[in-house]
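Next come the structures, one after another.
You will see two complexes here that share subunit A, one where it goes with subunit B and one where it goes with subunit C.
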Partner chain A sequence: MERTAVRGRLTWQAATVTGLTPETAAVVTITLDPPDWPGHQAGQHLDVRLTAEDGYVAERSYSIASAPGEPLAITVERLEDGEVSPYLTEELRAGDQLELRGPIGGYFVWKPADASPLTLLAGGSGIVPLRAILRDRLRTGSDVPARLLYSARTLPDVIYRDELGQHHDGVAVSYTLTRAQPPGWAGHTGRIDASLLADAAWPATAKPLAYVCGPTSFVETAAAGLVGLGYPPDRVKTERFGATGGH
Partner chain B sequence: MSPISRGFRGRRRAPAGQEGRLPPGQYLTEDFPVLSAGPTPHTPLADWTFSITQGGATEQSWSWQEFRAVPSEDVTADIHCVTRWSKFDTRWRGVSVDTLLDQAGQDAPYVLAFCDGGYTTNLPIEDVTGGKAWVAFDYDGQPLEPEHGGPARLLVPHLYFWKSAKWVRGLALRDHDAPGFWETYGYHMYGDPWKEQRYAGD
Partner chain C sequence: MDALDGNAIGGLLIDVFGAEMTAATGTCGACGDTGPVAGLVVYLKAPGTVVRCRICGNVLMVFVKAHGMTCVDLTGMARLDQPGAA
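Then we have the complex of A and B:
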């Protein structure tokens, strides 16, 4: 087990919101300028804190969407029954202050020096930390081959679609649309299963490293499927978010 | 002093009269979210054991059948996850860690819980004795689901829920405190939700 602990106290700081970019109808990327960001690794997350006028506080964690060295960004999906995500996606404006602290988490991270082929499996907004990994791979000139399988409800729900289409050398991106497909859709359909994983993921013989992020049902199926394909469990890193009761 | 988030009012405040049950920074959920770092292990009950170890030696070990023959008790507790959800009045059945340590006849100032899948977490002995911790095998009257830690998980409800290690297979008694899995990655060594001890230094 690697010993890359985050040491020392993680203090709250007020970052300036420098931009908000809609990604889909329900998803916004927020770029942030914190006064003192110590740097991060692709795959880590940060905590956001909102304070109401009467002192009520709400905190949530969000995956970092940007690669190390890029302007800090998070990508937030608005959850209808959420408390923090509707504020971040609808109320927040450029120039506002947003309290945050981080980076947090040292296990679900990718290191550019790692030479293992990458199997990346994303469900919904679980694409966010995997996008940071792909951007880090590109920025650092890593030549590890990567296969991304991204499960979304419909094509308009796909986050970063244009950007993901621009990865070429060594990156294969495939989609499965679970709820509806546009006319002439040539990609996969339906929820991920063993045969789709066998098709889209590196075979275990390639000694790949897998990152799986999405809602629990997706992660359970995807992680179990990779183990079924012969991936050692310690080569399958997972990150989950509750589809309900979450952000 | 935190800056006011313009226009933020908050929608998940604790229910009236129950504010005192919700630790700072937590919100109440009716769901039971799942968090884990890797695939869910599925150890057959025939291969399952629970062990108390000390200095690398196994002092006591129970098969599943033996473990289930140890007296168990019902526990109702509020639980608090470091990812900020809390859930009130969760109902479990499990064996008190006091009972297991008594049968092993061993003592030490710290324990490291170890699990299928390689997960570990560290706790002071005072936090797993005195009726504060269980090895739980039923949730809400049903066998504990694998994704929630079945067949058995540690239950230490007064600490953040990552201390309630899923798929627990034993306790290693230790002379010194040493970080477990999440503690190595920057999470707090103790994890008191009432003091909001989420990360190292909190």
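Then we have the complex of A and C:
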């Protein structure tokens, strides 16, 4: 295909769906093969556009779940009143075409050359771009130490549970379950707060770089908590998800 | 209605400015707060897309799409500096 995209413009393209992997009861990872993908950085998004038969168009932004160099993937949570996510999680099949454009974003991105210890705080599906960061860290052989604190309602709501459970040198993963805990649960419980952050995040003296992603209320609490621990505000990168799908 | 943040309009900003702008620095014309566009408060489902200052709530940017055009109102923004732009 002739490359006609003008630099500085985003061009919609029809990607082929190459795979669908259920992550939880409501969450699916969709692997995509776009005809012209320039590559991306961990933490970036793409936009998805659905067009109904009557011409109605709905666009949503989704974090890219895969590391640079891996097959492109997004992870989508089904929202009961959503316009886009029910289609993506229930109707879409391998071989289908999906209109997308990207990559998008230059703020909430991680560069493997950055040597700062990583504090990663995820609320719900906010884990998706942080998973891309962890995979990029592994693929590039980065040895920056990383601490991930993942807040989920229940254990079955934890996305990428098996992957995050695999041991990797320099990566510490902890969970807090806010709604219900399985018998014998030894992890944290309840919503994120100052004492939990003090326990799970790097101290400010380690000069860490923090990425916080989740619902707005989670991000506000978590980011304010890190600043309270002495993190400079510009070392706390935030991204807020809505309840309206994607971001 | 849930407020999002400037990360959510990265694509729209490329449409309008022709460049990645979530890492650009914006200054509120009302209170003078300065920070990354990614941190601003974004309402996608207002009539159009409305971007507000996280500190004082001043409307910084409004984008309305109609008839294939995007109308842009930036009167609330004192400065918008793209990193690395000449």
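Criterion: the second predicted complex is superposed on the first by the 235 of 247 C-alpha atoms of A that agree within 3 Å, B and C clash if a C-alpha of one lies under 4 Å from a C-alpha of the other, contacts with A are read in each partner's own complex, and residues count from 1 in each chain.
Going forward, a residue touches a chain if its C-beta (ideal position, glycine included) is under 8 Å from a C-beta of that chain, and two chains touch if they have at least 3 such contacts.
Fair warning: this is a prediction, and the values are worked out from it, not measured in the lab.
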Check your understanding: Would subunit B and subunit C fit next to each other on subunit A once aligned, or clash?
Key -> clash
Check your understanding: After superposition on the shared chain, which partner residues are touched by A:191: those of subunit B (first), subunit C (second), both, or neither?
Key -> neither
Exercise for review: Answer with first, second, both or neither: which of subunit B and subunit C does A:91 touch in the superposed model?
Suggested key: first
Revision key, fill the gap. Partner touching more residues of subunit A, subunit B vs subunit C, is chain B
Check your understanding: Of the partners subunit B and subunit C, which touch A:58 in the superposed model: first, second, both, neither?
Key -> first
Check your understanding: What is the contact status of A:139 with respect to subunit B (first) and subunit C (second): first, second, both, or neither?
Key -> neither
**Study point:** Overlapping segment of subunit B (options 41-49, 59-67, 95-103 or 185-193) - the one that collides with subunit C in the superposed model
**Key:** 185-193
Check your understanding: Which positions of subunit A sit in both the subunit B and the subunit C interface?
Key -> 8-10, 59, 61, 104-108, 216, 233, 237-238, 240-242, 244, 246
Exercise for review: State the interface residues of subunit A toward subunit C in the complex, per the touch definition above.
Suggested key: 8-10, 45, 47, 59, 61, 101-102, 104-108, 215-216, 233, 237-244, 246-247
Review point. Mind pulling up the subunit C residues that touch subunit A in the complex?
Key: 2-8, 10-11, 14-15, 18-23, 35-39, 44-45
Check your understanding: Residues of subunit B touching subunit A in their complex?
Key -> 2-13, 24-25, 27, 29-31, 33-41, 83-85, 117-118, 147, 179, 181-182, 184-186, 199-202
Practice item. Can you check the complex and tell me which residues of subunit A touch subunit B? Key: 1, 3-10, 12, 14, 49-53, 56-61, 83, 87, 91, 96-99, 104-108, 216, 220, 223-224, 226-227, 233-234, 236-238, 240-242, 244-246
